[in-house]
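Listed below are the structures to be examined.
Both of the next two complexes hold subunit A, though its partner changes from subunit B to subunit C.
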Partner chain A sequence: MPHDHHDHDHGHGHGHAHHSHEGMSPSGHPYRADQDAPLTDAQALEIAVRELLVEKGIVTEAQIAEAIARMDARSPAMGAKVVARAWTDPAYKARLLADGSAAARELGADIDALKLVVVENDAATHNVIVCTLCSCYPRTLLGLPPDWYKQRAYRSRVVIEPRRVLSEFGLDLPDEVAVRVHDSTADMRYLVLPARPQGTEGWSEERLAALVDRDSMIGVAVPRLPAGDEAAAAG
Partner chain B sequence: MAERVRVKDWRPRGFHLRTPWYLRGKTGVIERRLGEFGNPEQLAYGLPAEKKPLLRVRFTMREIWGDAAERPDDTLDAEIYAHWLEPVADAETTDAP
Partner chain C sequence: MTERSWHDMGGLPAGEMDFSQHDFALWEKRVDALMTLATSRGMFTVDGLRRVLEDMGPEAFETLTYYERWIESVTRNLVEAGAFTPAELAEKLAQVKARGATYGEASLGASDG
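And now, the complex of A and B:
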């Protein structure tokens, strides 16, 4: 379930030597039905409200396109920068845990009205974020959420059997580590501050930030050293 | 000692509620107080919204899922509005983290 690419389940190179390619496009992908279903009520409402706002001169189409582009441009890089700073600056980390929004703004993050709670992983605790009611996510800090984050399977299962779900993401937690699930039920949004990997002493913030990906800030993964660095750290 | 609260087991229908069903009637401890926020039950309908205190409450998986819990001592934190919470007397034997 942790895969984002639902459209490519039958893609290339999966060893289906004897798989029939009937019904497939020339490049081997299944044809998908056109989306000819009628608009849902919510889609019709969105279009009607948007057109009214434009018609009445409250916003322009260009402003709407600009707002969408601004949202699309956001990425987990800003979150990674926050994490790397917290790893290298204990005073910053203290401010981040006390008031996540203020500390994110300190680094120049344009997070709008985001009310951020930062939860810290350590040797005894692993945190993982979910929104069981919808898909609340710190979008202004991490960009758009992955598809699986919005799906019922993740949203319902991670509060019932978090260890099993994390294991499906490839993260097997030791027994002595307690799991803390955070359900974003209301006005707060959450960011996991992962533990800094061993063997990164003396690394620059930029190099550290490159270790921090989206999944580790949701809590379904932990930052790991690239294979070569891991060997160097161990040796 | 952490302050214990129980989520009210209200079952109103047809409203925009931010209290998940799986936590209704469950007891936890206040993890932190977050300040006051407009009541989503009014905001969702464009009504003037009263400011309501919002709290983070920590529950054990044992309290939420009982014997079916994957790991009874793991915990779950959720934001619950104060009007959905009621105090729990210390004498009551409930499970809290």
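And now, the complex of A and C:
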């Protein structure tokens, strides 16, 4: 399998020059305890089940490694590519809003059988997504969900007090903007199409995609111009 | 008369957002991969996964981590699908735990990339 940093103890200086914080992963988060901590029941169960499935010929270790590599390769970049295309190609945007799954597949996203519904933010409406029942999330477009997306606070509260929850994310919406909260299911996932920031006229898709982060496609943030560009746009 | 299940938590009071974030450990990614591969082989579906998770109740939600709950559910679904028997699982678990005290030691050679 590809080099996996979780396989090693977390000493530093293994050439991971991009590690910015001591004890943190390349994405800046602490690792979960893994190899060096006492074996937990859940870990033992994972090993046992995996080995049984391999022995029975149901899966191979290589297929497991490939599945992990595919999952690791997924990131919000795929979703950002879809958003940037929709911002620059009105015909694509129309297809995306009509049939999100088909339009995402056009750009090479692996959507499987699930129905993807894309909801568009504009001056009058802000959309935000949740899965109140569990953790359904457009992971083929955004990667695995953040921890907060799966926790009680978000799942319980965003459907009754979305403005207050968004404000905890640092997003304060004007009263005249309506907030729509979309509750996902196992078979139907949502993606927010954020509004294209002003001051980005003539930008390339690639440059636009760099403005679109995970949170803006969940709807708990909106894309913003970097400070320098904002000044340029204003001037 | 119906009562809402514990997992149907939309709209209920809850605390402040907690923004702490962890990267997933290898064993957690493997649980996710086992789920993906088992369902792609038609052994069970996401509905089966959720049925067991929901039956585990609110205590499990509060005390176990996400993939700790998942591996329990994946295991139960695989037993129901006939992938292996409870006796085979018990025997394998005993072997795994006898190998060593850490995940690395209990994993045979397959844990290294």
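Just so we're on the same page, the second predicted complex is superposed on the first by the 181 of 235 C-alpha atoms of A that agree within 3 Å, B and C clash if a C-alpha of one lies under 4 Å from a C-alpha of the other, contacts with A are read in each partner's own complex, and residues count from 1 in each chain.
Operating definition for what follows: contacts are C-beta pairs under 8 Å (C-beta built on N, C-alpha and C of every residue); 3 or more make two chains touch, one makes a residue touch a chain.
These figures come from a predicted structure and were not determined experimentally.
Peer 1: By residue count, is subunit A touched more by subunit B or by subunit C?
Peer 2: Residues of subunit A touched, subunit B against subunit C: more for C.
Peer 1: Touch test for A:T132: subunit B only (first), subunit C only (second), both, or neither?
Peer 2: both
Peer 1: Determine, under the contact definition given at the top, whether A:W148 touches first (subunit B), second (subunit C), both, or neither.
Peer 2: second
Peer 1: Of the partners subunit B and subunit C, which touch A:A178 in the superposed model: first, second, both, neither?
Peer 2: Touch partner of A:A178: subunit B, not subunit C.
Peer 1: Classify the contacts of A:A186 with the two partner chains as first (subunit B alone), second (subunit C alone), both, or neither.
Peer 2: Both partners, subunit B and subunit C.
Peer 1: Just subunit B (first), just subunit C (second), both, or neither: which does A:V59 touch?
Peer 2: In the superposed model, A:V59 contacts subunit C only, not subunit B.
Peer 1: Could you look at A:P162 and tell me whether it touches subunit B, subunit C, both or neither (first, second, both, neither)?
Peer 2: Touch partner of A:P162: subunit B, not subunit C.
Peer 1: What is the contact status of A:G170 with respect to subunit B (first) and subunit C (second): first, second, both, or neither?
Peer 2: neither
Peer 1: Going by the contact definition given at the top, which residues of subunit A touch subunit B in one complex and subunit C in the other?
Peer 2: 132-133, 159-160, 183, 186
Peer 1: Can you list the residues on subunit A that touch subunit B in the complex?
Peer 2: Residue positions touching the partner: 115, 117, 132-133, 159-164, 178-188.
Peer 1: Quick one: which bits of subunit A touch subunit C in the complex? Just the residue numbers, please.
Peer 2: Result: residues 1-4, 6-7, 25, 27, 29-40, 42-53, 56, 58-59, 61, 63-65, 67-68, 71-72, 130, 132-135, 144, 146-148, 150-157, 159-160, 165, 168-169, 183, 186 of subunit A touch subunit C.
Peer 1: Write out the stretch or stretches of subunit C touching subunit A in their complex.
Peer 2: Residues 7-34, 36-38, 41, 43, 46-47, 50, 53, 61, 64-68, 71-72, 74-75, 78, 83-84, 88-89, 92-93, 95-97, 100-108, 110-113 of subunit C touch subunit A in their complex.
Peer 1: Inside the complex, what are the residues of subunit B that reach subunit A?
Peer 2: My answer: residues 18-20, 22, 34, 37, 40, 54, 56, 64-65, 70-71, 73-81.
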